[in-house]
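All chains are identified by letter, namely A, B and C, in their written order; residue positions are counted from 1 within each chain.
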Amino acid sequence: MKRAGFYLLLLLVCTYCAGPLIWQFITSLKPDSELTRIPPLLTDSPTVIHYISIFKGHPFLRIILNSAIVAASTTLFSLMIGSLCAFGLAKLKIRYKSLILGFILSVSMFPPIATVSPLFIIIRALGLRDTWWALIITYTTFSLPLSVWILTNFFKEIPDEIYLSSRIDGCTSFQSFYRIILPLSAPAFLTTAILVFIFSWNEFLFALTFTSTTASRTIPVAVALFPGLHEIPWGDIAAASIIVTIPLVILVFVFQRRITEGLTSGAVKG
Amino acid sequence: MKREGGNRFVVPALALLSVITLYPILYVIYLSTHRKLLIFHISRFIGFENYQFLLRDDRFWNALKNTLYFTGVSVSLELLLGLCFAILLNRTFRGKGLARAVILIPWAIPTVVSARMWEWMYNTDFGILNYVLGVKINWLGSPFWALNAAILMDVWKTTPFVAILLIAGLQIIPGEVYRAARVDGAGNWQIFRKIMLPLLKPAILIVLLFRTLDAFRVFDAIYVLTGGGPANTTETLSVYAYKVLFQTLQFGYGSTLSVVVFLCVGVMSIVYVNLLSRDKKA
Amino acid sequence: MAEIRLERVEKSFRNSVVFRQFDLIISDGEFFTFVGPSGCGKSTLLNMIAGLEDVTDGKIYFDDIFVNTLTPRERDVAMVFQSYALYPHMTVYENIAFPLRMKRVRRQTIDSDVKRVAQLLGLADLLGRKPKELSGGQRQRVALGRAIIRKPKVFLMDEPLSNLDARLRIDMRAELKRLHQELRITTVYVTHDQEEAMSLSDRIAVIYEGAIQQTGSPYQVYAKPENTFVGGFIGIPPMNFIHGTVAGTDPFRIELNGLILSPQVGRLPSGNRVIAGVRPEDITVSHEKTEDSVEVTVRIIEPAGSYNWSDVQWHITRVKGKSAVASHLKAGRKAFMNIPVGKMLVFDADSGERL
């Protein structure tokens, strides 16, 4: 009896979490006429017209490409710069180590709005408006606290003696880093990559500020500013939402454990 | 143990951070003391005038009020709901991985997408919410309901994150502690209050830290869901600052607002970090 | 091969002395062990020789080359850690080959060298395995292989056998000894196990509380300990210490529990009190009364196979001695203990030093 109660509660929780998305999916399959039908329920004649419409009337493919390239590049750079930094902090001698780590972590508490006006001026002055680079550089920077935090914790777990052995065997600290430490860090890199990718894919404020043309926008901006001539095209928006969410949902289902590990990394240690 | 110098490993990250965050912070403080209209090339130093204006600016106080309300209610609800989820899910059962994945969905979706989703659900005439509840409330157009609607959406989106962190916190508590308490005669509620909550305190503090700062800085959700309306009833500090900057192009006053947000968040961080380190020492 | 010379080396950390100043020369090809209880500073010493730790004061020379400022790699030392520190993601072959790859040795040379070392250590069949697939003893040998293959000037080993079980430890001890005899590389070894130190080393330095108590061959530290710590640390079961007083200075006589004895000493004690040290293996407990024996009460009998250790009570002192199985001693009964004055060492009670 208790078991049934538990599974019922579980079902409720899952409905609460996935419900809105499922409803959006159903919406995306409804022809326009049915969108305004009351009661708003399942449709008798599902259609993919909205999915076609967003690619035809819109450079939606281009927008997806923008998001993909920015997110992928950000992940790459964040991992590179973040892992170097984490290695130094975890294994080497650096003055003011805790100060540096504290500074890096404090950046995650900066309100983006506080930096958006000066960054906008700088980006405009450098002619980087509407480019991928503007976003890549910004996202890489703001994802560094996450990368550095997860990777530093992970590197610290690798026994010191393995690093010392490699130094005695003849490695410079950099050789030790990429021959010994990196190969052992694949899991942490995967976790970090997933979290940074999701962060970059979902970011809105900077993308809104730094892009002005439809061709250079990323997905969040496009979905937010979806144009409608007279009324809001709810069907199209629903379709766009679903397309955009699919990769994320897949990521979440495949990497659920890693994501959880990454989010709780060091945060709730004793 | 003697270690090699690692300064060069840290330089790229620090350089990037300094250029993209430190320098802009200094710049924004500088801007806040100017009257600067972007396109029209007007730029004049006016000292603290912007700050004086801010203190008299009703719209600022309104935004502050909205932000505080949003933060307070949102974080409280998330904590409560997240705790319930965590307690429910903190056990092994078939389909645990699947359940965890489903719970992560709201967290993974872009806030923007979730805002549009809920916007559609909140639709007065055709939204599913009104249908299910049997009412005809103008959620996003009513000065009373709008901010609460935004809070509801934010709670939906961020409860998973809270739940995940709290589950991790729960898993650190060894099972025997509960059993020992039961043997000692404690009932469920007492176990919850006297054992679970105190031992969860570090996790709860961390959750509060992240969520309070995030809620205070909220932008995406409000901007897309309500745009700050109706009649500025949902306008939070970040949204107000953004509008001043990019709609009225007043980079001077907009920067002033930004600096105030920065300072508020800074103070809150310091308070939390102190609380955290004091808790750790205890 | 290298001779290691340590001149006036001292180690301090934040104004407190971790290791007191000392001089030491380790000869080329020697197997030299630092032995002492946990926390005495012996690992710090090893790290200083390796270059993993700075010396606060003093100079270290390898074959007259000043090495204080050189990194471990530049000093050409190889080190085996207690935890072996094998590279988990590499096979045995790659682990052993690693130091040579860092030196950019040609691949064919690496191949023949690795195979040769593997053969030497009995690892030839395991070359394709990863460390997690190996037993403790096998991992130990891979760590040794990785160290040997470089033909370093100096071998440094920090308690390499401590993680092995008792039987394996004895087997590996023999292995290390064999290797040393074959390769003749200067080896500096650190352990807390005095038996290990005795069986492996050419010379031993006994360390206690950050200072070298005595340096010498195994026999020297055993038979001629310079103070009560060395006397009590070396040898199992530990040396018996019996408190007594000076009964006369010319000739030198001491009084132990009423017994007057005339042991050989090198000098006179500073005060009136002495400590007599006799090893259990030199004391006989039996029912036979002889000229030198005293009456004791047997407390505990510990069988050791072909003989017994007998714990006896001699007035106020507890003493351990050897007894024959056939003597049928019983706990609680009286017996006789024979104290060999010739094998007795006398220590000054105040300074602990041997007279």
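The definition used in the following text is that contacts are C-beta pairs under 8 Å (C-beta built on N, C-alpha and C of every residue); 3 or more make two chains touch, one makes a residue touch a chain.
Just so you know, these numbers come straight off a predicted model, no measurement behind them.
Of all chains shown, A has the CA centroid lying nearest to the centroid of every protein CA atom. On a Cα centroid basis, the chain most remote from chain C in this structure is B. Averaged C-alpha coordinates put the centre of chain B at 62 Å from the centre of chain C.
Centre to centre, using the average C-alpha position, chain A and chain B are separated by 17 Å. Chain centres here are Cα averages; for chain A and chain C they lie 58 Å apart.
Residue numbers of chain C whose C-beta contacts span two or more other chains: 52.
Each of the following residues of chain B touches two or more other chains: 1-2. In chain A, the positions touching at least two other chains are 164, 167. Considering their complex, residues 47, 51-54 of chain C touch chain B.
Chain C meets chain A in the complex at residues 50, 52, 71-73, 77-79, 81, 83, 85-89, 98-99, 102-103, 146, 150. Within the complex, the chain A residues that touch chain B are 6, 9-10, 13-14, 16-18, 20-21, 23-24, 27, 35-40, 81-82, 84-85, 87-89, 91-95, 100, 103-104, 106-107, 109-122, 137-138, 140-142, 144, 148, 160, 164, 167, 173, 177, 198, 201-202, 204-205, 209, 219-221, 223-224, 226, 234, 237-238, 241, 244-245, 248-249, 251-253, 256-257, 259-260, 263-264, 267-268, 270.
Residues 1-2 of chain B touch chain C in their complex.
By the touch rule above, chain B contacts chain A in their complex via residues 1-10, 12-14, 16-17, 19-21, 23-25, 27-28, 31, 38, 85, 88-89, 93, 97-106, 108-118, 120-121, 123, 125-128, 131, 156, 160-161, 164-165, 167-169, 172, 202-203, 206, 213, 216-217, 219-220, 223-224, 237-238, 241-242, 245-246, 251, 254-255, 258-259, 261-262, 265-266, 269.
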